[in-house]
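The structure appears right after this line, and notes come after that.
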């Protein structure tokens, strides 16, 4: 929330400020927040609420027309901070500005379908972000990356060499962090991220797992699916945490398969789900639509 | 809104008041509504908003804990009326009480899949309503209806006899209106409802059409779909209006078919979509989740 | 295959004989089977093939117009037996007659949505079978069953009383087996079937599990799904085997949920998937469309 | 079928010959075809059949291991020609060789999502074809095309200048035909192809239309969908014919939208469907899985 936004853009779309907050539920919380905005003249153009009755926790996301307020995002954040304290909000509340161009780092391996998909969205302007870097443990995707004017870094990860791997992760971390990304996207990266890096990137690193979690955790999920004889295969976009494939789920989808589909067919069909699920998850993340609630997500 | 609710129930679930309103959009409208509720101590447990930028129109639905307010639904409706006037709300705004048991009339013909589905939901308590009457232009479904202790009325509709049809509709109208239903469900009724009845039941009569509208309007949509060679067939739940199959769409869904599916197969597969789409639409209607905006719906 | 079909019906549809067989794959196997049929004048109206390259195993299902053959199903079965032996077919090959009315026993507990759905299909003629018995460990569904002229048997299963349970299962077995059913449908039966009964009913007992297996095996799958925060919930129709929820999967489907769905909402939404998935699986079973291949199914 | 295949490839997968044929249905047709193959030692690895009872027409597609036959594809085609004549097959029967690398021409305008998707599939090897040319009426996609070593031709289409358009189409036709493509893909080309070109490319030109046909024919289908208030939007891949958006449908899919989706949101969500539907349709076409039957398709 306070990583010091400093580069701005004039969007083709209307500029908005986005408030995102979770706090204990009680009567009047909606009125407190909307009253605060109304007092300042804020015009709410999108608002979403969720109450979790099990934990009595309240979540909201509000979009306000930037031009309807007499001050900027920093002042809005400062003033809203008082409301957040008053409501005993969780510390991960944010006030962001859609006018600030988001920054994304992408980690890849050999498989390019997710990267192609993301680059296509960047090219068309649908995903209006700066790709700060693409880092691959193989060099297969250097060409397509550089054709878009984006730096590609090849960082090999030596198999069965823990020390070498640690060094590679240190290098990767540096390359990623240099771009101060809002999101780190593991676009079929295929390496297990060390716990300390998971901690540093907590709430910013999104992985696409090629199964409908919690089914088929770990390696070769399509082989597992084929072995079990399921009639649908899926993909899951989740935040990366130290426990493999156990992070908060952001988005999932499935596609039908049948007895005629080999593992290779499943891999092929699954790709079409993976790339769309990842893109949806990333979009929700960059638009500040996701709130964490324990190991679960609220996606507005 | 003012059809005089007079029978109440204590729900197994928490009782809530539901506010539903559309009005011209402007800054402060959210604050005005939530402020009004907060002042009275109202605890909002579910809230949804939508702004239509094309028409600059604002829509909201709010659920408040009944016990959080020091007065009942009639007083809430009276007081909220002032807010509604102040906001220049459309006249179809409502304040309803989930504690009042809803009433539903069902119109059928020969095909029973939608009726079976609805009765099953009533039996399980999922659809916690009174079925005031089932009226059929054939008697095929009398048995299953009466097995549930629900009155079944057989009103034949003579083909190619306009006067006879008018008399039948007059009788049907009387049977339906006698139960003061909140919803009139055309569960594959197969008769074209006269314009005056559409007008009387405006916003209360839900039809299930067995195609993915606007494709295949009118008679024998599965034959039309088979003829065109589509790869998906669908069903549409919409409000009944005088223009056939042109009313505001509430819910739709589709199912995959292929070259191997005959018209009979499409009819069979389509039934599974029809009944679910109708049930979803009816549920949204009864929970006051639907707002009309021209010929379109906002479904919260 | 040889349980001695003896009661026949004249279907409104064309009568057909259905051959279903698995055997080791080799060149000429399609020609051997279709040549055998052609020699006898058999007119194939539907044919499906599958080769599993991993195991080099071949599967087929063929529908032949009954009237195109100069002999009946028993003679066809006798003659085809020679082909099956020649092809070293698995012993579960069958030759069946669509003109024979199928028989189905249904096991239920308290939840009625699957039973309502099946009875609706029977009533409409879509599921053109005899329901030989409905057996429930609770009596809740006696009324709707008997309203259809179908015998309902209440067999209580005492909790935490192994001997009592064994006696109940013995009684249930007798009630089911008395009807010589082609399918035993566990329509949300909620009791774990003993291994010996699983063995007796092998390949005939279909269960509907209320999760997208292999996720959420065992009890309270919707609670598990809610806990994990998945974005889709599902249902699985599978053959019953001694290992709980591990039998060959016949059919699966899913429905979208989000953070706003409570466990109760998931239960409600899940029902709509459960009943459709079960009905599809049962239909495929009764039409001899399913072949077992290890713990997997080929569904033609 | 007889456009003179002359360039071959050794696939990483097993090489197969594919027979595709439609003929009047009668007893023995399956046996005639499989018997013909068996006599020559042909090992069928995939076989599909369809009978259309309305027209009494039979369709089949068979894949045979190339190495199981003692002759090549030309000799197989010659010999099978006798069977085809004997069965009075439609003249569009084919015998093709999966070992021959397919050739694809792509027509584009400004929107790149389908092109990116196809190029990604080519890059990964999933779509193992030669892209002979990309022709655009705008130059926006020249960069990404040429980054893949594929020639891009910019052919402007002057608006409201029929003669200029005719000249542009003549140039486009030359550029496309020079590559002798097996498929001409209109990847959001946005120009109405003249009737004579439709005729020349009949059965080879695939279009992606951004609606669920037959809904929303013609221009700006997402605007039409938004206007009508549908709850699902779709995409349709179809063969190009002289009558706009009326050609045989190959594949369709849909995605859910709601009242909150603007036209721009629909455009964005629709893209994810368009590209996948087009890719599936193209794959089926290139694998000789599609047979035409009047204005409908059989897709094996």
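Think of it as A, B, C and D in the order they're written, each chain with its own count starting at 1.
Everything that follows uses one rule, which is that a residue touches a chain if its C-beta (ideal position, glycine included) is under 8 Å from a C-beta of that chain, and two chains touch if they have at least 3 such contacts.
All values derive from a computational prediction rather than experimental measurement.
Undergrad: Going by C-alpha centroids, which chain is farthest from chain D? Tell me that one.
TA: Of all chains, B has its centre farthest from that of chain D.
Undergrad: So which one's got more C-beta contacts, A-D or B-D?
TA: It is B-D, judged by the count of C-beta pairs in contact.
Undergrad: For copies chain B and chain C, work out whether under half or over half of the interface numbers are shared, and give different or same accordingly.
TA: same
Undergrad: Report, in whole Å, the distance between the mean C-alpha point of chain A and the mean C-alpha point of chain D.
TA: Here the centre of chain D sits 36 Å away from the centre of chain A.
Undergrad: Taking the mean of the CA coordinates per chain, how far is chain B from chain D in Å?
TA: Chain centroid spacing, chain B to chain D, equals 42 Å.
Undergrad: For chain C, jot down the residues that touch at least 2 other chains.
TA: In chain C, no residue touches at least two other chains, as defined above.
Undergrad: Which chain D residues qualify as touching chain C in the complex?
TA: Contact set of chain D toward chain C: 26-32, 34-35, 37-39, 41-49, 51, 53, 65, 68, 256.
Undergrad: Spell out the residues on chain C that touch chain B in their complex, using ranges where they run on.
TA: Listed in rising order, the residues of chain C that touch chain B are 111-113, 116-117, 119-121, 123-124, 126, 143-144, 147, 268, 271-272, 276, 279.
Undergrad: Chain A touches which residues of chain C in the complex?
TA: Spelled out, the residues of chain C in touch with chain A are 50, 52-53, 59, 212-216, 228-232, 234, 248-254, 258-260, 262, 293, 295-299.
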